[in-house]
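This is the structure I have questions about; it appears just below.
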Amino acid sequence: MSVPFILFFLCALLAVAGAVLLIMVREPIHSALSLILVMMTLAVLYLLLGAEFIAAVQIIVYAGAIMVLFVFVIMLLNAGTEERTDWSRIAKPMGLPLAFFLLLVTARWLSRSAIGATVANGVGAPSNEGVSTRALSMALFQQYLFPFEATSILILIALLGALILARKDE
Amino acid sequence: MSIVPISYYLVLSAILFGLGTVAVVFKRNIITIFMGIELMLNAVNLAFVAFARAHGQLDGLVFVFFVIVVAAAEAAVGLAIVIMLTKSRQSLNVERDSLLKF
Amino acid sequence: MPILDHLWIILALPLAGAAINGLLGKNWPKSVINTIAVGSVSLSFLAVLELIREFAQLPADQIPWVKDYFTWIAAGSFRVDFSLQIDQLTIVMLLVVTFVSSLVHIYSTGYMAHEGGYYRFFTYLNLFVFFMLTLVMGANLIVMFVGWEGVGLCSYLLIGFWFLKQSAIAAGKKAFITTRLGDLAFTVGILLAFWTFGSLNFADMFKSVSQMQADTMAHAGTLTAIAILFFIGAIGKSAQLPLYVWLPDAMEGPTPVSALIHAATMVTAGVYMVARMNPLFSRAPIAMLVVAIVGALTAFYAATIGLLQTDIKKVLAYSTVSQLGYMFLGCGVGAYAAGVFHLMTHAFFKGLLFLAAGSVIHAMGGEQDMRNMGGLRKQIPITYWTMLIATLAIAGIPGFAGFFSKDQILDAAQSGPHKNIVLWLLGLIGAGFTSFYMFRLIFLTFFGEERFDHHKVHVHESPSSMTVPLIVLAFLSIFGGWVAARHLVGGTDHFEAFLHPVFAAYAPQTAGVEQSASLAGSAGASGEVASSPGLELFHAITGPAVIVAVIGLALAWWFYIRKPEVPEKLERSMPGAYNLVYNKYWVDEIYNALFVAPLLFISKYVLWHLVDEGIIDGIVNGSASTARGMGGKLRELQSGNARSYATWVVLGAVGFAVLLLALVGASR
Amino acid sequence: MEFITQHPVLVVSLVKIAVLLFVVMTALAYLTWFERKVVAHIQSRWGPYFVGAHGLLQPLADGLKFLFKEDMTPPTSDKFTYTIAPFLALALALTAIALIPFGPPSVQVLGQPVFVVSNVDIGLLFLFAVTSLGVYGVALAGWSSNSKYPLLGGLRSSAQMISYEVSLTLSVVGVLLVAGTLNFNEIIAQQSGAFWHWNIIRFDHGAFPQIVGFLCYMTAAIAETNRIPFDLPEAETELVAGFHTEYSSFKFAMFFMAEYANMITVSCLATILFFGGWLSPFPDSWTWQLFLPGVGLVLLGMYCAWDTFMNMRGIARLQFAVVTMLCLVGGAICLMPAVQPVIEGPFWFTTKVVAFLFFYVWTRGTLPRFRYDQLMSFGWKLLLPVSLANLVVTSFVMVLPYFGRHG
């Protein structure tokens, strides 16, 4: 067991724990916290995968902005503990088994997938040094320039939409 | 020092995705459901990064970037909607406002 | 040649008028509506005049002039173009239709001035003109049929124009349903024709007809069937025996409508159709005979009913029926030209009669019963004189339009290729009756002492908008027939000569010879009979028709001027016959008993309660309730519960994942 | 001993972390003293005076007080969150500092740079990542207290932090364009030369003066750290004490320290990005500048000595004598030729940071507090557009033919 392995399993454990907590806990804030935990661990995993920039963005945008927004909204709406209504007759008896089944199927499939296998066997093992941020930004601003601009427009639209929605109607 | 096989990451992402699904199906608080969706997105991101690493290409990372951006936009709008909804229905429980029908 | 290339203009004008008035005109002042309605029709009349000018220059080989506008229906081998056609027959009809329509429109502006639903009236009227023109100009049976049904619709709408009057509504329905019977046959005929000829274009049909060998009995039978079916359609539309019953009731509609639709144009559609289909009929002798018999019988029968009617419009209605009978008689004996000729003159003088009657009713403030009239000739001179002229025309007094046409028909019945003495006699007596009841009408209305009190009605001459058309038509009632005048003095009949190509084009060889012979005969075959034109003229003028007409006139004078008590005596002396005729042979009652009542019974108990409510509703409701039940079950899917929806989404995702897995597994 | 040689990274890192923690904690403590003194003098008071000479032991006393106070937890509060909130705040604040290079990487022990705990390739991004999480401390504290004013304070601060974080980041991007890297050491190295090479006024090929960016940065930074005039989250006149109303004893102290740690962090960042980090303002040719730290300390010691003998009485005189000794000895050490190059970087760095801290205190002493709507409209309608404009102009100049990077 080398350092990356330990790190990986630690993070994976934390991530799964956080995800489970997110489901189990009934206080929205706690769910948010556990989700933040998951994101943190994911950021670490990204680092482990050599994607520093993505890791940073993950923390800044996800943990630092989106989740803050969530927390903010929870506080704003003063969301209390979730009530235990079960009016949906299929959600529990059907939904959960289905979801778990989906989990298993995808997990099995991915673990069997060619790429995973090859890497596991060390064949085509990726180089250990991470992706340079410069190269990523190059790709982003040259090869993917149009999608980038498109997303910027999307953001603008979302901004306006949020403004209009949350505006006090006077 | 040996590296962690990509398939581990993939399986982890699958698990997280499944848990996200469970959250979406199981939770009643609309905000928490939202978080479940975010969790799923994260899981997918992880898969993307893992694949990018496996292929030694950047595209996966770019995709992750876009996913994050879109998630941000979605969160902004979605939470605004949540606020309006809660203002009008005085409840965050999705089972309380069954508006989604004819 | 603008109009010839744009025949649609003639149609479009009245349609546009109808559309504008009908869609926008609700609150417009009468003047505007008048302008649009009259303007559109008059313009299409002018267009027709221009058309005639251009048609005159058209080389003979380009007649009939057909224009295809667009493919209307295309289903397999069945293909119908919206195409219009111009030939001599069409020209005549167009002229009559547009001209009389214009006059009636003008007349209506005066007559309907005080009625509600003004714009509605003119909308229907314009629409009618449009459909009538479509009927006349159609280059294939389908277009023609559309016009055919369209005029039926307009007639229904206009009869029931005063939709608050129960009788009017009933009359409208009666007209519609009765004619529908004929139309059913007509439709079947059309189908049979398509099955036989493979096309519904007149040109193609006639070509294939003329190529058929008459000797093959099958073809003869088919042709006869088609012809008779068509003729039944004509019976319905043109109110012949036994389907004439709707026309008298149709008098519930406004008088201009009676004049235009139920005298001048629509009811003659049947005649036009038979004339248009002459190649078929000429090759189906039996059908020809049927046509002739029905025509003659109707002519006689309707005339007898007319004898005792007291309602001024009813009298005219029955006379219309009878005159139509004459036209069919003409066609039936092979004198299509004579039939069409009578159609034209009849359009003039019968239109005039109705308009004049309308004027009388107008003057009497709505009174229609002749027994409450009398002595009106002083108060309303113009109406009196014009109506007198029309009466002289219809009675067949020499010199007037009716004389020429009716004389030709009777002549053809007597000496034509298909001559038939019995029919001729029927026609002859009918002619006598005609002149009798027409003069009876005149005498009762305009002569004798006034049988109404002045305090209620103050008689007044109609406005110029009504009298002017009367005068115009009066002129035509006199001179309209003179186009055939020289025929009397042994010259050629211009009208017949003009129409000759239409009827000669596809005439059967054998019959063709006779036809031309008869043409010559009726005109020049006088060779051996009459040596001098004068004698010929004398023969014609003192022909039997004229004699019976004069007798009728004399009798009428005797009965209603000289000895007014005679009718009562007669009535008392033979009550049976009197009641029989007076009650129109109880035909309506008989029909009620025979057809209407059983039909009502069947429709009520069998069709309605059993079939409709029991079976059809059962099926429909059953399916509906099953659908509702399933919907109720499925509805639970749409609980509006977001979690349930999420579950379904997950289900889909799982399915997709499994599918993907399977595919990948397969590809591996 | 060989363990150290085997695992240099681990050992050195641990040592560095320990030292850094100690230093920073002390710094925080004395920063409070510093602030109180300065504000007092601005308001023409003496400030802390009696606990130790010139109140030099005041921070110690405060620390003890916090430690021994009763730690109250509101019964209705959300225990877990209530407890972790202050830890979160402080931990994040300290983590941020761990990324800051206090001196040149050339100074090394066992092949490891001494003056930086972790030299990350994209240090700046990580700094932002960490600071962006700082919101949670405040927000969670406000929420978990389960009481009006804290909640309001938490809401305010989270809103405010999100709003100003945008401008903060954008104002820095200008520098990033100039630098073309995210690594602190490289950013600093590029500004080497003299003070006119510092990013704030540097104007040569591929560089554009970031003065506007600096102003935006400072404003946003003050807002980020919830300092006057942007201290709405703890506006005592409106919200009692804002998000930490319910906190007492050491938890409160943690928030306190976190705030000052954040001040230090942003000051360090400003120093690095705009003022050349640990570089000296003078050209390297001026060798005499190596003596500046030592000489400065010696002068300080001499002043202390004079003060001791003229003004001090009793115990205070004894304490101040100790201070004098420390200064003189330190000065002597700094004057040693071997130490001079080592001490240079930290000296300048500290000097600049202290200057910024003084600026902080200064603003606190002089400016009134914003109203909340003013705060928001200022942040969104003025600060953001200006920093965006700065970004646009900079990037535009970047690609200009002559000034541009390729000019």
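The first chain written gets the first letter, and so on, giving A, B, C and D; residue counts start at 1 in each chain.
Assume a residue touches a chain if its C-beta (ideal position, glycine included) is under 8 Å from a C-beta of that chain, and two chains touch if they have at least 3 such contacts.
If you're wondering where the values come from, they're calculated on a predicted model, not measured in any experiment.
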item	value
Pair exhibiting more inter-chain C-beta contacts, A-D or A-B	A-B
Centre-most chain, if every chain is reduced to its averaged C-alpha atoms	B
Chain located farthest away, centre of subunit D as origin (C-alpha)	C
Distance between the centres, which are taken as Cα means, of subunit D and subunit A, whole angstrom	32
Distance from subunit B to subunit A - Cα centre to Cα centre, in angstrom	6
Whole-Å gap separating subunit B and subunit D, where each centre is the average of the chain's CA atoms	36
Gap in Å, rounded to a whole number, between the CA centres of subunit C and subunit A	83
Contacts with 2+ other chains: residues of subunit A	53, 57, 65, 69, 74, 76, 87-88, 91, 95, 98-99, 102, 106, 109
Junction residues of subunit B - those touching two or more other chains	21, 25-26, 28, 95
Residues of subunit C whose C-beta touches two or more other chains	639, 641, 643, 646-647, 650, 653
Contact pairs between chains, per stated definition	A-B, A-C, A-D, B-C
Residue ranges of subunit A touching subunit D (in the complex, touch as defined)	27, 29-30, 33, 36, 43, 52-53, 56-57, 59-60, 63-65, 68-69, 71-72, 74-76, 78, 133
Subunit C-facing residues of subunit A, complex	87-91, 94-95, 98-99, 101-102, 105-106, 109
Parts of subunit C lying in touch with subunit B, wherever the complex brings them together	638-643, 645-647, 650, 653
Subunit A contact footprint on subunit C (complex, rising order)	639, 641, 643-644, 646-647, 650-651, 653-654, 657-658, 660-661, 664
Parts of subunit A lying in touch with subunit B, wherever the complex brings them together	2-5, 8, 12, 15-16, 19-20, 22-23, 28, 31-32, 35, 38-39, 42, 45-46, 48-51, 53-54, 57-58, 61-62, 65-66, 69-70, 73-74, 76-77, 79, 82-88, 91-92, 95-96, 98-100, 102-104, 106-107, 109-111, 113, 115-120, 122, 124-128, 131, 135-136, 139-140, 143-144, 147, 151, 154-155, 157-159, 161-163, 165-166
